[in-house]
Every structure is written in structure tokens, then in C-alpha cells.
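You will see chain A twice below: alongside chain B first, and alongside chain C after that.
And now, the complex of A and B:
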């Protein structure tokens, strides 16, 4: 039975905060990949040709229904064999971005589908060109629905970043684990990491809910 | 791929399924317990269950699993890996599930509740005979999504050296060196499990909806309509009503 030691916490905190910075980087870059790639999936899935929508939907469903951890292992161990060598963090960002793009694709789809039919009809009646229909009518309205949902997936991604520890990215959990392995005292490092996650993700989700109330009426 | 490797994989699938079933059972208990507690009349019950939900949704399931496995023994409770995995997954997905339960219970038309009160049902009868039969069918599609998330979560247990599918893949990779094949095969195996789970949940949904005279939503072979936010409160609207 050991006692909680604040001194120990103070010793390990700088190391863990460095890990937090890597966690934040992975989340930010990962979300950029997910936002961009998700839009690509969403637009491809709206294609009129079945030869496009079928393969894309199979890829999207496959990535969404299989574990991120295994996908990370796949990227980490298989890509170098194909001559693509990335640093672990970049592999992690690709994995996170690819996995969450299948969720953001669904968000974009729901956002675009949520725009009332009458808006499309009005655009046709005004004989707006296709491009203006999208940029001035549909997307601005879809945007309001999409932003809070995308934010939720950023938080979800943030909470999935500890998986990157498994592919040797030195983020928080990885550091907590190696501290524990040297001192044989896992209590403080892992507890601090867990609390840091709550301390960051809870206020962020509160802020998002406030944003949602403001944007979605 | 030799027969011995396939044997390894199927052993892994079996443990993955076990882990999923145990965690799902725990998560269901937590989801109903906490979800109903959040509709309680007492503010302290609502508050405490709210704290539970926000805490477990706010932290990462993998960190929780590591905490249960590495930190808890220092307080004197040594958990076997399987239990640490089950507990971590059950507690955190239970927190997500409780939001589904709460949303579905609150979406039952108020007149139904009032009618049950007028007929002087006890609170327990009200819940069991009036509220839940109408709420449960609405819960099944979001539960399906959560179950798939839970299945994906079981892969995390491989990091505690539990011999589930991902762990077996690691062993197979070390012994054969064929990473692409090994990980390709187990991704497909996970996909097949997810597909079977979705089929079973669809069947349950169809039955539950038929029992109260509703038709299930039309949906394709694969796609489960995702709730737009995994994190935020589940918005379930009555037709034409505000969330």
C-alpha cells in the first residue's frame, strides 16, 4: 500500500506535459486530415454513378467498423515494407485522420441532407448555377449543423490518442507507462494522465454544447 | 498461412467475443442504472449520475484500462487482465449508453406517463409496463452503434496482454514476419464480427418495433446511420417538436 505523493507528481509533471503537447499535435493534425478526407468521401458518396458509390462505401464501412488500434499497427508495420517510412507520429496522424474521416463523412452527409428540399428547389427556380447553389445556399446552411458535430469527433479523437502509445509515439500514456516501469509506481503517472484528459475534454465539450445551442436553432 | 495460425486467430476471435459480451452486459447494467437515475426527481441522484457520465465520457478508455491494470494493484486489488478490460470497457461504454437510455425515456410522450399515473400504476409498473416497452425499441439502433464501438474497443485489451484477436495477431506477426497478411486478415475478421453483430441487432430492433406496432427504419446492408455527435447529448426529437 503506497501513499499518494504530490512531490512525485511534481517531478513527473513536466514530462507528462510534454506528452500532452504531442497528444494535442496528433489531435490537431489528425482532425485536419479527417475534415479534408471526410469531405472527399462525402462528395464521392453523392456521385450519381454506382461504380463510384459502391467501392467508396465499402472502404468507408470497412475502416469505420474495424479497430483503430489494428489499423495503426497495419500502417506502422506494413507501410515501411512498401517503402513508405514515416516517423511514428506521422503514422499516428494518418491512422487517426483516416479512421475519423469515415465519421466526418457521415457528419457532412447529414449536414447536407439536413438542408430542406425547398432550398434546392428555390435555387433551381432562381436558376442559380450549380456552383452558386452550393457555395451560397447549401453549404452555409449545412455548416451550422456540421460544426458542433465535427467538434465532438475532435474530442473523441483526442481521447483515442493514447492508442498511439502502442506504436511508440511518446504521448502522455506512453510517458506515464515508461515512468511507471522505471519507478514501479504507476499510481500517480496514470492517474494524472486520466485526470488531464477529463480536465481538457469536459470544458471543451461544454463549450461545444454552448456553440451548438447558438448555431443550431 | 498455416493451419496453426488460423487456430491462433480463431482462439483470438473467441476471446474477443467473450470480452465483448461481458463488457456489453456490464455496460447495459450501467446504462440503464445511470440513465434512469438521470431522470430521477431527486437532484442529488441526478447530479451524481451526471458526474459519473461526464467523468467516464471525458477520459480515455485506454487510460482507464491501464489505471485499473497497473495502478489499482498498488491499492491492494489485483485484477486479472480480462477483468480490467471488461471493467474499463463496461464502465466507459455504459456512460455513453446511459445517454441513449435517458434520451429514449424522455422521448416517450408525456401523456403516456400521465395516463399511467391516472391509472394509479406504481412507479415500477409505470416504468416496466408503459415507459420501457416504448423506449427500448428506440434505443436499439444507437445501442448497435455503441456495440460496434465496444467491439473496436476490445482491441485495446491486447495492450494488457489478453490473448484476444489483436494480441494473437501480434504473436503471428512475430512468428511469421508477414505483417500485411496477418493484419489484413484480422481486420477482415473484425469486420465480419461487426457485420454479424449489426445483423443481430437489426433483428432485435425489428422484433421490438413489431411488438409495439411500428416498422423499423429502412436501411442498407451495411450502413448504420450514425448519430451526428458521438459525444454530445443524443438529440431525439418528437415529430415536429424541438429537441
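And now, the complex of A and C:
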């Protein structure tokens, strides 16, 4: 068994930190896609027309019930055959965003359902147009309720980013793996990757809990 | 004499009071197999204050909710002023009203709820200006001026920049009254507006409503358990039982010499 080498760690750290930056970008952009698309799903699923809700719920259930890795492979290896080619990181962002949008849709649904019926009635009593009711009454109240749950999915997504290594996104695990392949010494790179994940995700989850307490008040 | 079998046609006011403002024409509303309103015929002329009383489940609140279009009638028509609320005329035919027509007629009606239903994400001022700006098209300055005047009326000027959660229940309800009045409705619906309040806060809200009833010509339909308040401000009290008006008349008559046994029973239980 090898001994732990700090010198080795120092040598590979800059490369891994660059990978961390890719990981963070994938998470942030992926979250934006998931937040926006999830809201679109949630609103479409409330449509009075079955011709809207059926197809949308089929798509959402399908995406939610297939593994992220399969979806990433589909986007990366199958779509180019149909003439749709994206760079690896963009593919990863689309994949993560699409996959997690099916979870955030559920979060929004719960948040919207949580707005008391009386708010809808008050909006009706004031004759507020439907659009205005959504944008100024219902959604602002729903967002407050969903922030903690959305935050948890951001952390979950962050921890799923290593899957992007499988579609050649040069994030942390991909780099650690490449380093190991050349030095035949995997212990330090893989360990450092794990530690870097903890260093980011644990404080983030603490911050989320603090935010949650603030919003609940 | 008490004859429960024939529904009464209840009319409040006469043409001398001004135009006919609210008219229910054989309106029936059912929830499942339960009939909450049974072929109701009711006419209220402009400026009248009508209090609806009766045991719970007798259909009083349903009337207000139908007028506010929070419910749709199963049968019959409702008119507000010259326009049908539930229907619209197309090529001389009466068809169920669309959302746009509904909203247009509904502008004439304001409602105050038992649970206040203020918008918790907006400060007091914006709670009041939101609809005048986005429904009536008032500019922000004019809407705020109107709101300040109303907050003065309900005695809450100093709370203009607070959120609803920072106010007591009584204060919230007074804001809700101001919010409804800001739309300058012809008809104001008051649905058990003091029922959710702590007892010591009830008087403040009722004082504001008395003031409005006595100083404006707004038409009011009121569901309340505050019989003294009903006596003070009503032109007419209607007693409901099982979805029908079983007796109506001036508060003096209903409270002092009711004719119907059910009315007597009900009043002796609540007074």
C-alpha cells in the first residue's frame, strides 16, 4: 500500500480545482435550467385541458423514472446521430437540468398547493386578472415555501455531477481519473475529490438550513 | 302562522330607493345531494343593507359566494344592475358567462372574508392599491391617495408600511375592508367578518362598518352572528332555513315579533 504524499497532492490540486470550477458551473447552470423548466412543468400540469396535462405528465414521469446516466448517454451519443450536437458541458447542463426539473416540478406543485384557498378567493373578489393573480399573489407566496426544498436538490445535483465524467466533461472526477491513469496512484486524487465535495456541500447545507429558519418565521 | 312549504320571494326596497341592484331569480345550488339554496328569489334595491341570518348550513354564505362568482349556481340566474352575472347575452340568447364577462360584472362587487385573506407578501398599502392599479387602471399615485383616504377611514394610517403579519386580526380585517372599498363597489359582501376575531377586537371592526353603512350609499349584504350590529345597520333581515327565505322584514319586526317558529327558535338560541 502506498503512503499518503502531500507533495503529490500539491502537484495535482490546481488541476482538480479547475475541475471543481467546471463542477460548480455545471451545478449552477443545471439548477437554473431545473428551476425554470420545473416551473413550466408545474404550471402546464395545472392546465384545465387534458390534452396538455397528459403529454406533460408522461414526459415528466418518464424522465423522473429513468436514470440520469442513461439520459446523459442518450443526449451525448444518440442525439448527434440525429444532427444535434452539443459540447460535453452543455450536454451535462441540459441533462442535469432536465432530470432535476422533474423533481423541482413536484416541489413547485406542493408550494402552489400550499397557498391557502382564501388567497385565490381574495384575488377573484378583487377581479385581479388571472396572470396578475399568479405573478403577484400566488407565485411569490409559493416561492417562499419552496426555497429550502429547491436548495436540497441543488446539493443533490452537485453530488451527481461526477456522472458527467462519463460524457467527457472535465470535472473533478474525470480529472482525478486521468491523473490516476498516468501515475497509477489513485488514492490522493480520488480522496481529494471526495474532500472537495464535502467542503462545498456541507457548508451549503448549513446555510440552507439557516435560510429555511429565516423563511419560516 | 308558519308555512315552510312555499318559498318566499324576498324584495328589499322599492323603485323609489333607486335601481334594482341584485336579483336572484329561482337560484338553486346543490352540493352533492344536499340543496343549499332552493329556488331562491330575492331582489335588493340600491343602497339597502340586508342581513342574512339562520342556522349554519342554511345557505347564507352560499348567497355571498354566488354573488362573488366563487360558486356557480346549478339553476337560475343572478343579475347585478343591468347585467347577468352568471350569463351573458349573445345574439339575444342567454348563455353561460365567460371569464371576461364575469370579471366585468364582478368589479361592482366587493367582499370581506371571515379569514381576512390579505396578501401576506404585500405591505398594507399595496394590498389596497393592487386591484385599483391592475384592474381599474388607476395610476399609482391616484391609487395610493385613495388608499390613504381609506386607511384614515378605518383608523390605520400609521400601519401603512407594515406587512399583514405585523397587525392584529382586527387591524387586518379593517385593512381588508379598505381593500374592498378601494374598488368603489356598488355592493359590499360581508361574510362573518368578525367570527375569526378575538372578542376584544370585534367592536373596532363593527364601528368601522357602522360608519361606512351610515355615511355611504353602498349596498350591503351581510352574514353575521352579531345581532346587535345587524339591528343597528340593517334595512332588512332575512331568515334562512334549509335553503329558503322563511321570513324577512325590518330588524324591529324580525327581532321583536317574529312570525315563524323556526325564526323564534333560532333567535332565542343566539340572542
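To be clear about the criterion, the second predicted complex is superposed on the first by the 216 of 217 C-alpha atoms of A that agree within 3 Å, B and C clash if a C-alpha of one lies under 4 Å from a C-alpha of the other, contacts with A are read in each partner's own complex, and residues count from 1 in each chain.
The definition used in the following text is that a residue touches a chain if its C-beta (ideal position, glycine included) is under 8 Å from a C-beta of that chain, and two chains touch if they have at least 3 such contacts.
It should be emphasised that the depicted structure is a prediction, and the values quoted were computed from it without experimental measurement.
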First (chain B), second (chain C), both or neither touched by A:127: second
Partner chain in contact with A:191 - chain B first, chain C second, else both or neither: first
Chain B versus chain C as contact partner of A:152, first or second or both or neither: first
Partner with the higher number of touched chain A residues, chain C or chain B: B
Where chain A meets both chain C and chain B, residue numbers: none
Chain B-facing residues of chain A, complex: 1-2, 57-58, 61-62, 65-71, 73-74, 77-78, 81, 103, 106-107, 110, 145, 148-149, 152-153, 155-156, 159-163, 165-166, 173, 176-177, 180, 185-187, 190-191, 193-195, 197-198, 201-202, 205, 208-209, 212
Residue ranges of chain B touching chain A (in the complex, touch as defined): 54-55, 57-64, 66-67, 70-71, 74-76, 148, 151-156, 158-159, 166, 169-170, 173, 179-180, 183-184, 186-187, 190-191, 194-195, 222-223, 225-226, 228-233
Sites on chain C touched by chain A in the complex: 68-70, 99, 103, 106-107, 109-111, 113, 115, 117-122, 130-131, 134-135, 179-180, 183
Touching residues on chain A, where the partner in the complex is chain C: 116, 118-119, 121-122, 124-130, 132, 136-137, 140-141, 144
